[in-house]
Structures are given as structure tokens and as C-alpha cells.
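Alright, structures below, take your time with them.
Two complexes are shown next, each including chain A; its partner changes from chain B in the first to chain C in the second.
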Partner chain A sequence: MRRFISVCLALASVGLATRVVQGARPRYGGTLRVEVEATIRSLDPAAATSDVAEAAARARVVGLVFEPLVTIDEHGLKPLLATSWESDPRGARWQIRLRSGVQLHDGSTLEAWHVASALRVSEPAWTIAVESGAVVISPREPLPDLPWLLADVRHAVVVRGSDGAFAGTGPFRIESREPGRLSLRAHDAYWNGRPFVDAIRIEMGRPAAAQLSDLESGHADVVAASALDARRITQRGLHIAASRPVDAIAVVFEPHRAMDTALAWRRTLSAAVNRASMSAVLLQRLAEPADALVPRWLSGYAPLFAFDRGPTLSRAAIAALPLDQRELTLRVDASDSLAHAIADRIAVDAREIGFTLKVQAPLGLAPRPDARLVRVRAPNTSPDRALAVLIERIANRDGGTVQATLPPGATLDAVYQAERQLLERSVVVPIVHLPDIYGFSDRVSTWNHTAVSESGAWNFADVWLRGGAP
Partner chain B sequence: MRLRTRLFLLVGGVVAVAVTLVTWSISTTARRSFETLDLQRTDALVLQCRRELATQQEDVKRRLDRLASTDLVLRTAHEIGRRGTDYAPFVNEAASLAALQGLDFLDLVADDGTIISSAHWPARFGYRQSWATNRRDGASGEAFLQAIDLPGETAIGLVAVRGVPSGARTIYIAGGRRLDQEFLKSLQLPPGIRALLYRNVEAEGSRQPLIDASGQRLQAAELQPLIARVKQTGQEHAETVQWPDGPETVHAIPLAGAGGGVLGVLLVASSGRELAALMSRIRWSGIGLGFLGVVIGSALSYVVSARVTRPVEEIADAARQVAAGDWSVRVGGMHGSGEIGELAQVFDGMAAQLVEQRERLVQAERVAAWRELARRLAHELKNPLFPLRLTVDNLRRARTLPPQEFEEILDESLSTLTTGFANLNTVVGGFSEFAKMPAPAFAKVAPNEVVERVVALFRAQMQAPGCPPIAVTLELDPSPEPIRADGEQLGRVVQNLLLNAIDAMPQGGQLRVRTERNGVSFRLDVTDTGKGLTEQERQRLFTPYYTTKQHGTGLGLAIVQSVVTDHFGKVWVDSVQGKGTTFHIELPTGAQPNGANA
Partner chain C sequence: MMPPLTHGGTQRDGAAVREVLSFAAVGCHGREWWTPAFALAGFGVPGRLASSALLFLLAVATARAQPATQDLASEFAGRVAAAIASGAAVHLVCTGDDGRAQLELGRSLVARGIRLVESGEGATTVRCSCLENLREYACIADIGDGAARRVVAATRAKNSGGPAVPSPIVALQLRPLHAQHDPILDVATAGPALLVLTPATVTRIPLPGQPAVAPQSAAVSTARVWPRDLRGHLRADGDAFQVFLPGVTCRGSSTPFALACADEGEPWPIGIENAGMAASRNTFATPEGFSFYEAAPLDGGQWLVVDQQGMLTFLDAQRRVVARGDASDHVAALRSACAPGSYVVTARRSPDAESADVLRLARVAGATLVPEASTIALPGVLTALWSARMPTRPQDDREAVAVVHDMQTGRYEAFHLSLSCAR
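Our next item is the complex of A and B:
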């Protein structure tokens, strides 16, 4: 009997080990089912859109089909289609050498003129030439950090055919486009190795709740998730992956609340927000408390702001304020449940010190709020460009109250001073930085859990599916 | 006012008063009964509200008990205890636990009062909530009322607290249900009763804290004094509130929290509007029935009064006909019994007696007339006959006289006899003439000329020497318009009147003849200054053959009356004894009365 039990245990151990090895071993084939909330109307990286959600989704999808010359990871600039670059000391003329043997989706080989043509579309102001197989870029003004700029998805290399079709060099090619659905097919001749999955089917326009439901019911493999849903996903045996914090959540006061006379209570309100508790509990440690607009991983100077907020009002002083200064309306995007939850927490913190903050999430016309909770994406680039873009995006929504001037190629100290100057007035109050979070079904496997890069890009070329094709 | 009208008003009034009294009595009794019933119903509903509150308390307690004993809660508590103070993974637990038991509120609270998770206010994690940890009364703790903070408002909650072991510590689940319009709906009040909830947990003036079962916020300044009294005393109060559309009796029940403070006031309002509407319906029904009763009573009274008064009216009509000369009217056959029948019989008897008496009277009058006629005839004939008998006696005695003397006596006797026979012939002719009075021959006649002609005939006689003088005065109407009359008979009338006046003044006097036209009538007045007439003479003045004179036939004035009657006129007399008499005659100028002219 004992021998029989030993044999059974041995067989079970062998079976379990085989299953573990099979789970860790990549396999080819299958279709990765991805769902996004936005509807991507154009896959042209150079196309402009005012829809922030669409722009973010397009950046992710475009990264699967088209590739820029360089990219940015946690170590800095990294060659992609370019192999090297050099410039004159002022950065007025750049010469970029390309990777050889890169095959486009249409079967042709990537040439320097392809790159030059693509860059001329995305940056018409630049002078771009091809010399000795290299691409020579002469910006209108010297750009010492031009490679950082080229890492933007907007400068991905797109070869536009005469029939309007796009061809790129990414791991997937466009197979078909239907209303609400985009199908990509693995690029067999991808220069960095063929993807494991055969295809990716992207369902667009799926609401967040439906995505989560599809993920839990096994109808989707990758969905966008919120920090609020993280525990629910993991409790069901699924897993999540997050980028570095890329979205800045900030309270921006409206012009009628941005006077210098109200500076003290703006500071008081800013100081009352318990960012740490919000990040740790509400956002399940998937967010970072934000003392500055530019994320800490990008600037490094953010902690300096935490200790220098200026004088604040006591509770008695707040109680003595006129009623109209103690009652505020904070507007949030009605479709953004996470922003609504953050606003609710801000309202709780404000209530504890004597402010009454009403959260307003209008679907139509509504009275003018006192402040807005904005969500702006920090680009994956240099700190000066990131701050400039953040300020620009806030200013676009703010109507001109928020302004800062930052010269191209500014030093980190100059960036810090500019942001300090911006935040000192407490018209813009950073709250948290949020990452891109994705939920994955248990079919999705990768090595080192790198399905989503730290920058938020989709590394679906490294993903394989367990259990074969659906 | 006629008897029928009086009877109708009397019976109708009695019916109306009776109906009004009955209607008022029923209305008053019904109102008092309904008020009593309404009071009892409101008391029952207030009791029902208390029971419903107790039921809800028991329900919350049971739900918390069940929740505290579920594996999920025990496992969560164990996990919280294992993780120490890292509550982040459990921040959303309360929502699912609350949904499990259908609770409106649920907080997971650490033993130091820190909110681990809140179902009703998820963003409030990390803050302290004292009331849950202050009521550490274990698994048997009763549910109680508590002010619950919510985003943007404060609600009244019926909550209970349960402790759950969490490793070496204890976590508390504090939850319950909201006391709001759903609670008010659960009361299932009948029509006319409404329940309101006043929440005394929000800052004054921040919002209207009074809601009804539909959740609608109410503006009710009228209720504020009652609410303020309940808040102040913590006791139940009731009062009647006057709304623009009617009164409402409101019972206010304080909702005391665990600390004894009044967290809210439950108002059970019984609308007097329903009662008023009911009373109005009863009143109007009473008025309607009363009106119907009055109408029916009036009709009945009309019928009764008509039935009662009709024979009386018929008897009255019959009496009027009898008075008008119709002696043949009888009412005895119309009514058979009762007092009215007896009256009719008496009336008929009386009418019969009247007829009989009239006939007797007529007979007596006729006999009297014949006697008078006989007397007059005897008188008129005896006077001429007496000289005739003396003359015949003289002749008989004169047969012995010499023929010459006899002849003389014979001639005288024959002359006397002739005169006597002439007198007899005159008497008989007068009677004959009266008997043969012809019908008048109407023609256009100038009345003044007739009067002047007749007066002229008598003027010589009245002014003859040796006779007492009679002065004649004519006052004739100057209008030349003729009248339709028989000129000869009219002259005879004037002649008889003048003769009568002359005979009335044996000592002389004044005679005044006056004519006057007055529209459609002609009037003749003949006035003398004689000794006048006695009442008896006046009554019998126009009786044929009646006279007060020594040598009259008694037919003059009878002829006057006959002619005037034939001319559709009338004659009457005014007389004052010792001063004189005036005969008045009035004739229609057209000789036919009332437009009956031919």
C-alpha cells in the first residue's frame, strides 16, 4: 500500500512538473483578443486628434504596427530602426543611420528614403535628406534633443502606398478594419523575430465595465483596467500589468478661483489632500502621490515639492471664511469613474478641514465649477518636453490661466524652477500619477511579465497564449 | 291670501323644516361618527408606524447577525487581522457585503475606529467613525437610529453594530438601512393619510429636510412649530394644521438616536380634506334629499291643499252664483262625506230654503200686488161709482117729480153719469195703457228739445192764477249731440216726473230740470222742493199702482222705470224729508249698453 501511494505521488509530481514546463514554454499561434474603450478612427501616427482616449489607444496600437527610429526605456534612449545618430554641436544637423535588412509589411526592404518621406509628413518644417544611406535632418531651429523627439510615436515610420494603404516595420501588420474592430496579423519577417501569436483582434468602443466582464468571463485576453478594479481582477486569479505612472491627475482652479487673494485657502485645500492614503488604499498602490506634475521617475525632483507648500489656514480660519469660499464645486469627467473616485476622496479630505466640496460630473450643460479634476498624459520623453506638454495640455482645458515658458532643451534645474513657479500659486494642484493598467486573462503568458512596457507600450510580440487558439 | 295658498305654504313649510332638521341631524351625527373613526384610524396608524419602526429595527438586527456569521465576513476579518493595519486590499469589501444583505449602509471599522471600508461612502476610508466602536455591545445589540454621513448629505440610519473576531483584535461591522422614503412607503398608508419624515441631522438652512413617501422635498413652514416642539421636548405631539385646501391633523413622533437626541421626526398626517370631502358629500346628499323632500312635500301639500280646498272653492263659487241670482246651483252631489260633504249638504239645503222663501216671497208679493191692485181698482172705481149710484138714486126719487123737474134732474144726472163713466174710462184706460207699454222705437232724439217741449206744456199750469206758483229752472247741457231713444216715451218719462214734482209741491216751490252729457251717457235730474219721501215711500216708489196721492193711479213712476229699463238706463231717487226730492235718470247715448248698439 505504501509503495502504491509512493508510485502515485511520483506520477503526480511528474505530471505537475510537465504542466509547469509546458506553461513556461512559449508557443506559437492563436489570436490575442484585446479590448479598448476608445474608437480609433485613423492609424496614421501623424494624424491629429483632440480625443485624449483615442490618442492614447492609437499610440498603443500604432506601436504594434509602426516603429520609430528610437525608443525610450528605463535606461534612456534605445535604438530601434536607427542604429546610430550624430549631430553637430548645436544640434542643427543630425545624421541618422538605419538598421539594415528591415522588411516592411509589403515585403519590401526599408530604405532611407522611406524614413525621410515619413518624417517629412510628421514634421513638414524640417529639412530632411538622404545621404549615403543615412537620413539627414536639419530642423528649422537647432534641436539638441532631437532623438528624444523622434522617440514619439508620431514620428513612427509609415510607408504610405499609392492606394492609401499603410505599411510599417512593426511586429504586426494591418489585416483588416471593420467598424469597431481592428485585426492585425503577425509580421512573419519582423526584424526582431516573429511574434508568438498569429493575430491580434482589437475590439474598440467597449465600455470599461464590459471589458472587465469580458475578461472575467474569458471573452477577452487583454483589457484596460482601473486601479479600482485591480483587487477584483487578482481575486479572480487573473493578473494585471501596469506601466510607470504616466497620467497626472491634478485639480485646476478656474480663473474666478485663481486670484492671489485666494492663495491661502488653495494651499490649505491642496495640503488637506491625503495623497499617500489615496494612492495606497483607493488606488491599491498602483498610483504614486503627486507633489509635482512631471512624474518622479521622469524628473527626479518631485519630492522637493512635498516639503515646501507655504502657509495654510487653520480650521478656525477656514470656518471664518465666507460661505462661498468654503463651498466649492469640483467637476470631473462623467465617463471617468477613477477620476470620480479620486474627486470623492478629495471631497472627504476637504470636508475634514471645513470645506464643502461638491463633485460635479455633468453629462450636459452645468453651472460653472470652481475647479476641475484633469487627467493629462505625460509623454515618454525628456523632463523639459514632458513638462511643456503637460502644461500645454492643462492650458488647453484651462483656458489660459496656467502658463509657463520653457525653452527647448532646458536643463533639469530650469524645468524644476519652471514647475515650482507654476505650482507655487496652487492654481494647479497635482494629486496622483496613474499608470496604464491592463488586465490579462490566464491564457496570456510572457517572459518576465513584460506584456506592457514601463512606458505603457504593448509588447504583444512577446506574448504567447496557453491552451491553443480560441 | 287664498286658503289653498295658505294650506300649501303651511304644509310645505312643515315639510321643509322637518327635512332640514332631519338632514342636519344626520349630517351632525355622521360628522361626529366619522371624526371618531378618523381619530381611531389615525391612532391605529401611529401605532402601525411604531410597529413598522420596530419591525425594521428587528430586520436590521437580523441582517447584521446573518452578515456577521457569514464565511465571507469571517474570512475577511481574519485576513484583516493577518495583515495588521494594511487595510488597502479591503477598501471595497463593504460594498459587496452590504449588497449581500441588502443594507444601505455598511462600514467595516477597525477597533480603533478607523474606517476600513465603507459601502455608502467608499472614499471615507481611513477616517474615524466613533459611533460604531462606542457601541461594543456584542452580538445581541439592538438596532438604533444614527445620523449617517453621506457624500453631500447626512441621513438617518437604522443601524446595528456587530463585532467580528479578527485575530487578536476585533473588527466591527456597522450597517443598516436608511430611514427615508422607502420606509415611508413601507407604511402602506390608506388614502387621506400621509407620512412625512423630518431629518434633524443636517445643518439648518442647508436644505429642506422634510420628505414624503415619494422622496419629494417639501416646503412646510406650517409644520415647523410642531416639529420644533417635538425637537425641544422629545415627546409626541399632535395638532391640526390649516392648509389652504383644508385642515390636517398631524401626529409627530420623535425619532431619538442612541444618544437621546432627536434625529428626526416622523409625521403622520391625517388629512381633514378627505373627511371634509366626505362630510361635504353627506351634506350635499342631505341637501339634495332635503330639496327632493321639499319638492315632493310641496307637491304633496299642493295636492292635499287642492283636495281640501277644491270643494270649499266650489261651494264658494256656488254661493257666488246664488248671489248672482242663479238659484239652481247645487253642490251636494260633488262630495259625499265628511265636514265638506256636510257643508255642501247644508249649502244645498240653504239654497233650497232660499228658493222656497223667494217663491213664497214672490207669491206674497204677487198677492200683495193683487191686493194693492184690487184696492186701487176698488178705490179708483169706487170714487166714480159713488156719484153714479147717488145720481141713479136721485133719478129713482125724481120719478115722482114733475116731468119738467124730472127732465132737469135727468139731464143733470145724465151729465153726471157721462162724466162718471168718462172717469171710469180714464181709470181703465190708464191701466190699459200701462199694460200695453210698447217697445221703444229708437231714433236720434235731441233730449233737450224733448225736455223743453214737455216743460212748456206744464208751464201754464204751474203759473196759472190762483194756483200756488212753481218756479221752473232749466239747466240744459249745451251739447247739441242727439241720443238714440224713443222720443215719445222719453217725453212721457219727463212728463211723469214733472207731474210727480208738481204734485209734490201743493204749496208751490221750485222745480229744477237739469240735463248733462257725460261721455257715453245722458243724465236727467228733476228736483223739487216738496216735503220729500219717507224710507217706506222710497222703497215702494216704483211699485206699480202705488201712490201717496189722493187722485193718482200709481203708474207714473212705474212707467218711468219701465221706459228707462227699456232704454238700458237706470233711475234712482235722492230725497231729504222736508227739503225735496231729486229723480235721476241715466241713459246710454247709444241706447244700448256696453257697445251692444244695433
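Our next item is the complex of A and C:
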């Protein structure tokens, strides 16, 4: 049965993805209309934001306008604005050579000092110099995996003009910004080939339901969708594309439920969650059941967590628990309908073994919960960095029950042991991994590549529009 | 200034091969396709269903990184085996593939005297998984429980930037050197001539392009009676050469041609310490007394030998048996600058006496042989296989001489055997 589910899930993904890939000879022109729920306040890649949705949306848009020195795909690191990089054996001093002839959006040519200036903003603690046309980076501490770090969108090269304008090297340049709307224009001199569409118009702050409606009524070409909407979109003859699973959904127990004496209790709750069913039915086979925090495609070891979840309580033992241990409250983000649906499903599973789980989605003050359902984004990077970032993001939300440290460039066995150490207490309980899902209008086609990469990045330079205008 | 840099190379660090220092690059036009394989890998269900992920891994690997991932599985098996005490009972539970990792592991463990059991009770449980992440192809094993729990991993870095250096397509290259009706034991190039060793003589034949002079022969003078399976080896160094026969050693020169023999045994230059071949025998023995027919020196001071049972056997740096492989009659090491790593060529006598032998090329990964695509059918039965160094080749290259007996024509033919690479 599980094999059947896996195959169905895989086929569904392929089918959805390939429809967007197929197309005839591409046409240039037109405006791609995109809608997002978040409001992007700043397009500066180095700017910090505590708004998770804004950070995610900004990462996507920034990738259209600005480019880092290197990028990461399924084959590992790939050069982008850099052509080569080299370091001393410790990774204390890196020399990076740049691609020549790259034209910035303002018409000037990218030079090493542009890159050095941009990196000084995103990493003020690094010593960055220009030597013989190359950028030389000396991090505060040796970083043997610095290229993996440079691939982060935060390190995209931004040339800051004296008038406050940003220029980048990406396939699109910023044309205008109005409240709730961002307009991008194709960068004609883009070093990797001019995009097919002339412009992208991004409507921000559009609620999920409005986006879906706009897609169905032909007022939008690309909208963010959730797994709950996938069937509806495809039934209307529209297309869906999904990334690989990038969001980890996990239950994180609060400190008063995180004592070692309650380990079996937490394990029992964890084991009660029917992840496979949740992924297949509730999430329309667009999610991956999670035994580990880091998604399998980023870790390479996740299946090992399917073994040995440890002893759990019997039904009789659960029935004998004091009432305050049989009843618990799970808090979810009120604005995250998908998380709410997942929490409801967890409540059903918990009830089946004798627990009463209340889902709490407060808009204001609310009683202290026993656990939270958190949604954290895994970065598209090496397993050590992915785990470190996930832990940091969870720790930021749970107030300190979750801690782990990993040295940069940690070996896979060290990463695995760190994650095992983190999960064996069952304070953090992975539930599912979710992809980024997008709905596309039927006039959207792509050339050679998918519109959404495996990591979820927007590949709108390869998008072309059937039927020309608007 | 920057310290010396590695350019586009790899650095070996235990099991992990990490590209760490330098990368060259070209354009980024070749961006990824969304393939069915990715969907399989990305959305499979853990546990048994994660098999799709390794199917993906293997499928993709087959297309672009087969040697790396095959190496990985083999090396992983060796590492896990090394972490478990010989004689221990092991309950093996692998996921993330369709039994490949479990099969490899099981074989390697059994070869080390470890018992595989169905139940985890009273046994060491080994949980393993082979998948990939963005940084590497990865196999990882979680061994044992509680305080005794250990983790063993083997990884292979993916292309870490720049234009990927394509893996060489390695092939066996066979070049005919000489043919005659008298039995050939070995041939070697000495100065401008080819030396041919037979049971009774060494013959000097001018190489092509050299002034045509009549072949010269010198008798191997000995009071010994040769064994039925006579083996002999020639080793040339410039004009000088040595002949090694069971219980007999000869020294000679190519120009002027001369040969002097003595009935005394000496160690044979076959890449592993030995006391020479005893008179009336056809085997060698290590100083520790391990008998073998042929030996191929490998990277890391190890050897692959054909033991007296006709089994390929890995010896560690202390010449202890660490693993056994398939049956084989011959083995020789091959090396080329274009193909990093240890390669061996093996041959096994066909059960059908009329059939020709086939040379098989394999790459050595830990204590396992990874078959390469290249095989060569010989024109007869392989009677001798010796490592050889050709004077015109780089010092590090390791080549071989193969002698074949064509049963139909009755001829013996000597071939020069080397690796060739295509990218």
C-alpha cells in the first residue's frame, strides 16, 4: 500500500510538472501576472525580516533581479557570477574570480569592487578586498564551505546607487514599486539570455482565496497554492508546479511538556500521527511524510529515522494518565490554513489513542499551549547548513527548548548524529514536508525548464506566454 | 600570497571525497530538467518506499556518475564491515534502496566472518540507508543501540562548481607484440629490442623501426627440471634485464646481447614482498607464508592476489586477508594518469576448454571490485599475465603483458595491455 502511495505521488508530481514544461517554440513578449500573499517591504537581499511569509516571497522575487556568485542545484554547487573559487586549506582566505562582461541593470559592467561592496553589506564581519580583478574574502572564522554560504540569496550582488536605487545582474530589473505592486522589466542584456516575457507584474498582499479566484477568472498567471487547492486547480484545466518539499511541519512541545520524564508520553503522541495518510489524503499526495526534520532530498539520511521510535504507552497506560496529561492544546498560526488542517488531523489521530487535543489558533492573547505546530523553511543547501538553519528557525519560535550546534561544513555522520540527538527526545516531532506549489494559467509555458525549480526558486526567465498580450 | 591551490581536483579524506579548493567554470546554460526521477526521489514515502529514491540515485548515477556511486556502495560496505567485530551476529535493516545496499553489506559482512541473523534479538542491529543530498551521494549506517551505538558514513561529493570534469570512460587496450609457435612465458622491451622468454631461451628481436637484424637467442642454462606449469618473468631496465624462473635467476643485457643464469632463487619483482618462486612450484608466498599465484599492487599499500584456491583475495598493508572476491585465474594492476584509482584486469578460465578467455576490467573500491564496461575476448587461453612498465610511458603508469595460447592455431601471442581513457 505504501509503495502504491509513493508511486501515485510521484506520478502526480511528474504529471503536474511536465504540463508546464511542454510547449512549442517560445514567443517573446507579454506581461506575466503574478500574485503573492505577502507584502514585500524591501527588495534588499541583505535586509532582515521577522515575517516568514515576506522572507519567502522576497527570496523568490530577489532571485529574479539579483544573482549570487554561486548557486546550488541537484548537481551541487554551480557558478553564477563567479567563474572559479579557491581557498587555502582551512578556508580562511578565499579568492573568487568573476564572470566577465556581465552587464548590470544600469548599463554598467559588473566589476569586482561591486561584488566586494555588496558582500560588505551582507557580511560586515568579513574582510573583503579586491586583488587583480578577483574578490578576496577572509571570513572572521575559517569557512571551509564558504561557497555554499555565498549561494544564499542574502549574498546576492546588489549595487546600491547614490539615489537609493538597486541594480542587479538578474534577468529582470526593477521597473517600479507602488503600494501592493511591483513591476519588473526584462533585462535585455542579461548575460544568460534575455527572458521571453517583457515584464512581470507582481501583486502583493493578495489573500490565498483571492489569488485562486484571480487564476480561475484569468486575471492572474501565477499564484501560490496550497496542497488543499491542488485538485480544484487541476479540475479547472489549469496547471500546477511544485518544488521539492521545502517546508518542515513539526510539533514542538513547550518547556513544561519537554521534561525527560514525559519522553514516552511524547513518543506516544508522535507515533499516533498517521503521516502517510495525512500526506496522501489531506495533502493530496503533494507532501512527504516526515520522520526527520531535514527533508530527505537535503539530508540523504532521513529514512534512518523511520526505525526505532522508542517505546510508547499502551492504551491502558494512556487511560490511566491524569487528566492534565490526557488533554493538551496545540497552537497553530491563525493565518496558516494548511497548518490548521494538519493540526486538526493530528487531533483526530491523538483522539484515537485516548488523548484529547485541542487546536488553538489565537488572534490575540491565549492560554499557554502544550505544543506548537511550527512551519519552518529548509534552505536549499548542504545538509549541515540545512539542519542548522532549521534548528535556528525552530529555536526562534519555541523560546529555547531546541538547541544544537554544528560546525560549518560538518560531515554527514555528524549532521545525522546532531539531528538524531535533537529528535530522540521527541520535543521536536516532524510531521510532514511540504513543497511550494503554484497554480499557472493556461497561457503560461516554459522553455526547456520548469517555471519553478526543485528548490522552489522562480525560473520566470524561461516562461513565455501563449497568445501574446496582455 | 595564496598558498598553492588545487585546480579542479578532488581531495580524498577517508571515505569522503570532497572537492574543496578550486573550481573552474563556464556558462550556466544547462539548467536542470524536472525529471520523473526527481519526482520519485522528491516525493517518495520513507521506509521501504524510499526505494524509489535509490532507484533515482542509481538511474541518474548510471547516466552520469556511475563509478562514483558504485564506489560508494562498495566502500560503504567495507566501512561498516570494519566497524563490526568478526564473529558477531548482525541483524541488517537497510532502507533507501531496493536491497542493493543490504546485499552489498551482507556480502561484505559474511566475508569477514560475521553472521547475518533474521532477528534483532541478541544481535547487533545495523540500520543503513543510501540516498543523496545536494552536497553528496551518501550511505550512512547506524550500528548498534544505546551507548554502543556508532554511525558510519561514506559520501561522494557531487560536482562542486564549474564545468564538471566528466568521468573517464576507461577501456582495456590490447596491442599485439609478438607471436610464435614456441611457448612464450613473458616479453619485455629492453632498449631497441623486444625480449621474448621461452622455457629454454631468451630471444632478442629488434623493435619495429629499428635496423633489421636477425633475432638473437641465448639459452637459459640451468640444471633445474621445470615444473609442468612453468612460469617465467622478464624485467628490463634500459638495456639490462633480468629473468626470473622457478629457482633460477638470469641477468643479461640487450646490447650487446648476453645472458647468464644461476640456479638460485630471488624475490620476483611482482609488486609484493616474496621469496621468489620455488623450484618445481608455480606459486609465490608472502613472508607470512600466504601462497598465491599472482598479485596486483593497489593504492594504499594493499594487494589483490589470486590465492591457491583460485579466489581473488584482498590483502591489507600487513598482507593479512581482509576480503575475498570472485574466482579468477589471473590478476594484474593497471594504472593510467587519465583514470585516477586502482584498476585491475582479471581473467578466469572458461569451463568450456574450447572457449577463449575474456579479460575483465574492474575498478578497486575499498575491498570490492567494481566492474567496468570494458571486456576483451582473447584469441585463446591466457597463460601468463604480468605487470609491465613500458619505457615510453609515464613512470606512474602501470601496464601489463598478457600471453595467450591460441589452441586452434597452436600459436602463442604476447600482447601489451593498458588502460585507455575517453571523456
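Here is the rule we use: the second predicted complex is superposed on the first by the 445 of 470 C-alpha atoms of A that agree within 3 Å, B and C clash if a C-alpha of one lies under 4 Å from a C-alpha of the other, contacts with A are read in each partner's own complex, and residues count from 1 in each chain.
Here, contacts are C-beta pairs under 8 Å (C-beta built on N, C-alpha and C of every residue); 3 or more make two chains touch, one makes a residue touch a chain.
Bear in mind the structure is a predicted one, so any value in this text is a computation, not a measurement.
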Which superposed partner A:Ala199 touches (first chain B, second chain C, both, neither): neither
Touched partner set for A:Pro383, first chain B, second chain C, both or neither: second
Residue contacts on chain A - larger count, chain B or chain C: C
Which superposed partner A:Ala189 touches (first chain B, second chain C, both, neither): neither
Touched partner set for A:Thr450, first chain B, second chain C, both or neither: second
Which of chain B and chain C A:Thr411 touches, first, second, both or neither: second
First, second, both or neither for A:Leu304, with chain B first and chain C second: second
Which of chain B and chain C A:Leu282 touches, first, second, both or neither: first
Which of chain B and chain C A:Ala347 touches, first, second, both or neither: first
Shared chain A contacts, counted only where both chain B and chain C touch the same residue: 285
Chain B contact footprint on chain A (complex, rising order): 228, 231-232, 274, 277, 280-282, 284-285, 341, 344-345, 347-348, 352, 358-359
Partner chain C, residues of chain A touching it in the complex: 2-3, 5-7, 9-11, 13-14, 17-18, 21, 70-80, 82-89, 91, 93, 95, 99, 144, 147-148, 192-193, 244-245, 276, 279, 285-286, 288-289, 291, 296-308, 380-383, 411-413, 416-417, 420, 435, 448-450, 453-454, 459, 462
Residues of chain C that touch chain A when the two form their complex: 2-3, 5-7, 16, 20-29, 31-34, 36, 38-53, 93, 95-96, 127-129, 131-138, 140, 142, 145, 151-153, 155, 157-162, 164
Contacting residues of chain B [partner chain A, same complex]: 87-89, 91-92, 121-127, 151-152
